Amino acid sequence: MMATTYTYYPGCSAGGVGRAFTESLYAVFERLGAGLEELEDWNCCGATAWPSVDQRQAYALSARNLALAEDRVPGPGPVDLVASCTGCYRALLKAQKALEAATPTSVRLRDALAAIGLEFTGRARVRHPVDILLNEIGLDRIREAVVRPLTGVRVASYYGCQLVRPFATFDDSRNPTSMDRLVEAVGAEPVDWPLKARCCGGSCYCGGPVIGAMPEATMQLSYALLREASKRGADVVVTICPLCEFNLEGFQDRMAKRFGHPLDMPIGFITQLIGLALGIDERALGIHRLLHWRLPERVPAGEEGGVHARA
Amino acid sequence: MLEPESTRPPAPISSNGGPKIGVYVCHCGLNIAGKVDVKAVVEFAASLPHVTVARDYKFMCSDPGQELIQQDLRDGLVNRVVVASCSPLMHETTFRRATAAGGESPSHFQMASIREHVSWVTADGDEATEKAKALVAGAVRRVALHEVLEPRQSPVRPDVMVVGGGIAGIHAALTLADAGKHVYLVERETTIGGHMAKFDKTFPTLDCAACILTPKMSAVRAHPNITLWTFSDVVSVEGFAGDFRVRVRHRPRYVREDLCTGCLACIDACVHKHGKFDDEWNEGLSKRKPIYIPFPQATPPVVVVDRDACIWFKTGKCPRTCVDACERDAFDFEQTETYDEVEVGAIVLATGYRTFEASKMPEYGYGLYPNVYTSLEVERLLNAAGPTNGEIVLRDGSRPRTVGIIHCVGSRDAKHNPWCSKVCCMYSLKLAHMVKERTGAEVYNFYIDMRTPGKGYEEFYDRILKEGVHMVRGRVAGVTDEAASPEEEGHLVIRAEDTLIGSVRRIPVDMVILAVGIEPQPDAQEVRRLFNISCGSEGFFTERHPKLAPVSTFTDGIFLAGACQGPKDIPDSVAQAGAAAAEALAMIDRGHVTLEASTAFIDEAACSGCKTCVGLCPFGAITFDDERRKASVNEVVCKGCGICVGACPSGAAQQHLFTDAQILSEIEGVLEYV
Amino acid sequence: MSEPRFEPRIVAFFCTWCTYTAADLAGISRMQYAPNVRAIRLMCSGRVDPQFVLAAFRDGADGVLIGGCHPGDCHYQQGNYNALRRFELLRLMLSDFGIEEGRLRLEWISAAEGDKVQRVCNEMTEQVRALGPLRLVRGPRRRPRGTSGQAEAERGPGAVEEAELAPVLEMGGREAR
Amino acid sequence: MTKPKVAFYWCASCGGCEEAVVDLAEDVLAVVDVVEIAFWPVALDFKVSDVEALADGELAASFINGAIRTSEQREMAELLRRKSAVVVAFGACAWLGGIPGLANLSSRESILELVYRGSPSTPDGDGVRPREETDVPEGRLRLPHFEETVHTLDQVVDVDYYLPGCPPPVELIRSAVTALVEGQLPEKGSVLAPDVALCAECPRVKTKPADLRVTEFRRPHEMIAEPETCLLAQGLVCLGPATRSGCGAPCIAANMPCTGCMGPTSRVVDYGAKALSAIASLVAAEEEDAVGEVLRRLVDPVGTFYRYSLPASLLHRRVERETAASRGGAEG
C-alpha cells in the first residue's frame, strides 16, 4: 500500500503543553504507514481571542493556512490538513466553512488571500487525527498493528468540547464514540460515561485554576469529570485536546484539597495509548512527560473489574 | 407546390386592431417603491414599442388600481395589459379578471414580477431599477404577441376521496357525506382514529378522547355515503381536477371484513397463550398475539393476522385454533392484495404526522435510560385501555415520585426541526396534570417559552400552575445518571439552565417524559408525488397560499386537512377538515372546473407525422392518426407543460401563452434595452 | 480600480412549480442576491427549447440558467428529464462552439429552496463574471418569416446587425457595463 | 416581346448546384425558350463587365448558389442584387451557409495556417501565404480578400426567395422557374418548398413507434440498416423530422439517414437547436450519467445538427477567444 502523507498543522500548543501529543501522533502515524508533513510557514489559527475581537480577521488567519496547504499540494484532488489541537481544528474548520459559503465574508476572505497571492479553491479539508485514524487508516489496520493489546485496561475517552462541536463532521456531537472505537481496537475496554463531551473548564482557566479568571468554576467542572470517570471504574482517561489534558492532569492535587477527595487519575492522549499497544517505545510517545500515567496490572480476559457504567 | 407557406403564427395584431399596450407599475406601498425608482420604470416603459399608456399606482391590486386598468381599456387607450408588481403566482388571476372586466380578453395580459424577483432581493436601488426595466421590457414584448383564448371548462364528478382516517379525515368525510356526496375514505392502518384514538384526554377541556372520537368513527362506518377502506393505500392517481381516477390497494387481513363481527374469540383461541409481539398501538409497551385488534373500539372492528408472526404462515403447521373459534367462518388464509379503481372529482389529503424520533437526541437518554419515555408512550400509559390500564408506573412497576417533562424535543432546534410543533406545550401541561393527579408526584416542566394561544389554553396553563406543577424556563442540556451528590444517586438527573433565576439546575427525577414534536410522515415525499402536489423540504404539504388558500394545493381539486400540512392540534385539524370539505363541495356544486389555458396545440397542416411528441406526453394527451399521419393534442387532457412543444422538430406544436414567438420575444425584451 | 466591474447578464428559464416558486420564496424571505439574473417563467423546464438558450446568447446574455424541479418531482412527471436530456446534448455542442461550460447551467431547485436560488444566482454571476463577456459575433438577424412577428419591424435602437458592426464586435465585443 | 433575362452565379459552393441546373436535362431547352440567360460563367462565356453594363433591375432574376466568404463573392452578390428584380438563394449554401459554412468552426487564421503551412501534404517551403496584392513587372495582381466568417447570401444582400437542398431537387427548380416566368411567385421571403417536414413523405414513417426511445445511437458506417424500417428506430440520427420535405427522400431510399440539407420549416428559428431537441428527447435514459453515456455516441454534434446551416444559426460561428491575437499573427 502506498503511504499517504498528510499535511500537518501543529499550532502553538504542539511544542508546548501538547508536546506529548505531537510526539505520539508522529510515532503512531509512522507506525501505521501514514506520513505527516508540517505545513511550511504556517501561522496562528486565530482560535485565541481573535474571534471575539474581529471574526473576519480570525477567519483570515486560518484561511491563509488552508490556502497554503492547497498551494503546497498540487491538484486537483482534495488536500487533508490535519490539525491535532482541537482548538486549531475547530478554528480551521470554521474558516473552511466560511470560505465555502456563498457569503460576502467568503468573498472578502478570498480577496484577502488574493492580496498575498494565495487562493482557496475548496480542495483543503480540515481533518482531525482521530478522523484519519478511524476513517482513513481504519480500525482493521490498527488492530493488525497491535502487538501489545491493552486487555483489561478500562479507558474513559474524554472528547472535550471542540472536536464535535459546533461541527460534528465524523461523530455525534452529543454522544461521540469515535475514540471509544479506537480504544476497543487496541484491546482496551471503553468506559461508557455520560460526561465524555462535557466541558472541562479549560476555557476559563487562562493560566490555571488557581490564578485564572474563574478558578472555582474550572475546578468544579474538572473535578466532576475526574470523579465520574473514577466512579465508573476508569483506569485512565485519554483525550485529544492539549488544553483538556493539561487542565485535567495538572491540578489534581489542588482539586483533591478543594473537594476533600483524593484524586490520582492517569491522563494521557489517545495517541499515546494507541502507541503503547503498537509497541512503540514509551519515550518516543512522550509518556515521560505525563504526571500521573500508569497502567493497571493486566486483568485476565473474561474477568470483570471496576464499577460498570450501567447497573 | 408554391402556394404560400402552409402555416402562419397567430397574427400578432389581433382583431382588436393592433397592440396598444398599457404598462402599470405598482409601488406596493414601499415594498417596490422603496427600492425601485418607479417613475424611471414608467418612463422607460413608455418608450417601448406599442406602449400607449404607462402609469404607476400605490397598490395596483386594490380596487382603484384595477379600475385604472379597466378605465384605460374602456377608453380604448389600451388593449393589452402589463402589470409590473408582485409574482404572477400571487395576483395573475386578479389582473386577468380586471383585464376581462375592462372588456378585453384575459389572455391579453402579462405580469412582470418586480417585487419577489427585484425589490425584495436586490440590495442596490439602481440595480433593482435596471432589472425591473428589463423584466418590464420582456413582458411588453411578449404581450404584443398574446393571442385571444377562450376559457374552457370541464365537468366535475360528485364523488370525493379522503385519504387518511385520523380525526381530520373522519371529519372531512362526514361533512362531505352529510352533504350528500359519496366519499371513499382510505386508511392504511387497520382502523381509523389516528393519533387521537391513542390519547386518554384532550386539552384544555380534559374530555375523554374516546368519548368524543368513537361516535364519529362509528358514524363513518354507518354512513350510507361513505365507503370505508382500511388497511388500504392509494397506489396511483390519474386525471385532473373534477375527474381523478384513483387506484387503491387493499392489503390482506386474512379475515373477511364482511363476516367478522369483532367478537375477538379467535384472539383468545390463538395457540399463543400470551402476547409475544410488540404492540404497535401501545408504542411497544405491551405485547400482542399474531392475531389482534389494535383496541376495542377499532373501526372497523375486524381482527387482522400478522403474517410475519403467525405460525401458520411461518411454518404451515398450526392447529389453527383461531379458525375453529370463529363462528362466522371469516378466516381466509388465501387472501391476497386486491385493487379498486374509482373516479372522483376531488381529493382531500389528511395523511397526518408522526412524532419526532427521540433517540436522535442522545443527550436526553431515550433508549439509554429505561425510565425516559416519549409523550406518546405516556399517553398510552394514561389510557384506561392502555398497557397499564391507566396506571403511571415505571418499567420496574414502581410509581414515580418525581417526573420531569421536557418540552420542545426535536422542535425549535436548529439541529433537528426548526419549527414549533404547536401542540407540545399544551399536551405537556395536560400530561403534568394527569401524572400529578394519578400519582401525586412532583412534576417539573422544562420549557423554552410557554405557548398557549387558543381558546381556554392560557386559562388551562394558569390552572396547572395553581395545581403546583413546577415550571423551569430553560432548555434542558441533558439527562444523565451521573450523580453529583448523594441525593442524586439512583435517579435520573435533568440538567437545565433556569433562565428565570439565572443559574444551572440539576433536578433528580424518577421519570423523564420527552414532549416529542410533530413531523411529516416519513413517506410524505412519495405521497405528494403520487398526488402531484408540493411540500417543503421537511415534508409538510404546501398549501396554495398560506393565508388566502390554506386548504387548497397547487394542484386543483386536491385539498389538505390536518397535520399533513403542518403541526396542528385537534380543534385546528377539525376546523381545517371542515374547510377542505367545504372547498371540495364548492368545486363539486359549481359543476365545472376551468381548464388550463396554456395547453399545447398542433398545427395540423404543419405536422409531418414524425411522432416525436407522441411518446413524450406524460399524460397521453397526444394521439396519432395513422390514416392521416397527423398528431393532435387533446386539450382537455393536456396539462400544459410544453414538453412536446420543446421537442417538436418542425415547430408544428405550440403552446398557448408560451409560443416560441412569445418566449423568444420575451428573451429579446429582457436583454435588448437594459 | 477605475475600470468598471463587468456585470454579466444572465437569462434564467424557471419552471413555474418549483424554481419560480422558490425564487418567489427567496423574495418573500428577503434573500439578497445578484441582480444579474433575469428570470423567464415557463410552465415546466421541459418546455425549454434549445432555441431559447441560443437566442438568449445571441441576444446578449453572457450566461443561461435553467431551473427545474428535482428528478422525480416534476409537476408534469417527465418534464425535467427532458430538460436534462436536451441540456446534456446542448452542453456537448456548446463546447464545440467555444462557449465555456460555466455559461449554461441546469439546476434542480424545489419550491422550498429559496436559499438555493440565492446561492445559484450568486454563484453563477460570479462564475460568468470570471469568464468575462461572451463576445459572440452576433449572427445577423435573419429570421425565417413570421417567427417574431411585428416585433421584428419594431426593433429598438439597441439592436445591432453583424453586417454593420461585425468588425467592432469581433475586436472588442460589448463593453463592460 | 423580349424574354426575361436571368443570371446564374456561384459563390462558395461545390458546383453541385450548377449540376442540378444541368440535371434539368432537356428541360433546360424549355427554360432557354422562355428566358434569356444573361450571365452563367460556369456554362457560358460572360464577363463581369457584361453584367455591369446592364441597367439596374434589368435582370428578371438571379439564381445565386454558394455561401459568401470572399470579397469577390460579396461584390458579385451586390452587383447581381443591383441588377436583378428578384434574387433567389439557390441551394443550401446560399440559403443557410451549407457545408462551406462549417468553416465557421475555425478562425480564418487557423484555416490559412493549416492550408498553407500546417497540413501534412504541404511541402516544407518558405511558408509563403498568398497575398492579396502582389506587384509584378506587368502591374499589381489582386486576390479577393478571404473574410473572417462565412455568411449566407441574405446576410450580405436582400434575398427574395430560397430554393433549398444540396443541391435543390430538379422538381423544385422547375417549379420555381415556371412560377417566375408565369409571375406566380408567392410572398417575398418564401422558401420554395413544402413547409412540412420530411416524415410527411417518408415511406418508412409508419414503422416508427410512437413511443420511440433510443438507447444507443449508431452511425451509418457501423451497420447495414434494415431497408424498410424507420432509421431513427434503428438508432441512426435521421434528421427527417426537422427537415423540409420536397426532395422526395432520396437518401432514405438509398438507406441513408436524412442529414438536413433541405433546411428548417418556416416555424423554426434555429435548425440545429430544434433538431438537437428532438433527438435528445428520444434518449431513453433519465439519470444524468446514463443520458451522457447515450449522448456520447453522438459524435460531432455541431457537424451533425448544423451540417448545412451553421452561418444561419443563432450562434453563427464558433466563439474565438483569441481573436485579437490571431489577427495580429495573420498580419505578420
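For clarity, chains are labelled A, B, C and D in written order, and residue numbers in each chain start from 1.
Here is the rule we go by: a contact is a pair of C-beta atoms (placed from the backbone, for glycine too) under 8 Å apart; a residue touches a chain by one contact, two chains touch by 3 or more.
A quick note: this is a predicted structure, and the numbers were derived from the prediction, not measured.
Chains B-C form the pair with the most C-beta pairs in contact. In whole angstrom, the spacing between the mean C-alpha positions of chain B and chain D is 57. One finds 33 Å separating the Cα centroids of chain B and chain C. Taking each chain's centre as the average of its CA atoms, chain A and chain C sit 48 Å apart.
Measuring from the averaged C-alpha position of chain C to that of chain D gives a distance of 30 Å. Touching of two or more other chains is recorded for no residue of chain A. In chain D, the positions touching at least two other chains are 187, 190-191, 264-269, 274, 277, 281. Those residues of chain C in touch with two or more other chains are numbered 49, 51, 55, 82, 86, 118, 145-147.
The touch graph of the protein chains shown belongs to none of the named shapes.
Contact between chains, as defined at the top, is found for A-B, A-C, B-C, B-D, C-D. Within the complex formed with chain C, the chain B residues making contact are 5, 8-9, 11-13, 48-50, 87-90, 113, 115-118, 120-124, 127-128, 130-131, 134-135, 138, 141, 144-145, 529, 532, 534-538, 542, 554-555, 598, 616, 618-619, 639-643, 645-647, 655, 658, 660-661, 663-668, 670-673.
Every residue of chain C that touches chain A in the complex is listed here, in rising order: 118-119, 122-123.
Within the complex, the chain A residues that touch chain C are 102. On the side of chain C, the complex with chain D involves touching residues 49-51, 53-55, 57-58, 71, 81-82, 84-86, 88-90, 92-93, 96-99, 134-140, 142-147, 162-163, 166, 170-171.
Interface residues of chain A facing chain B in the complex, by the touch rule stated above, are 172-175, 193-195, 224, 228, 310.
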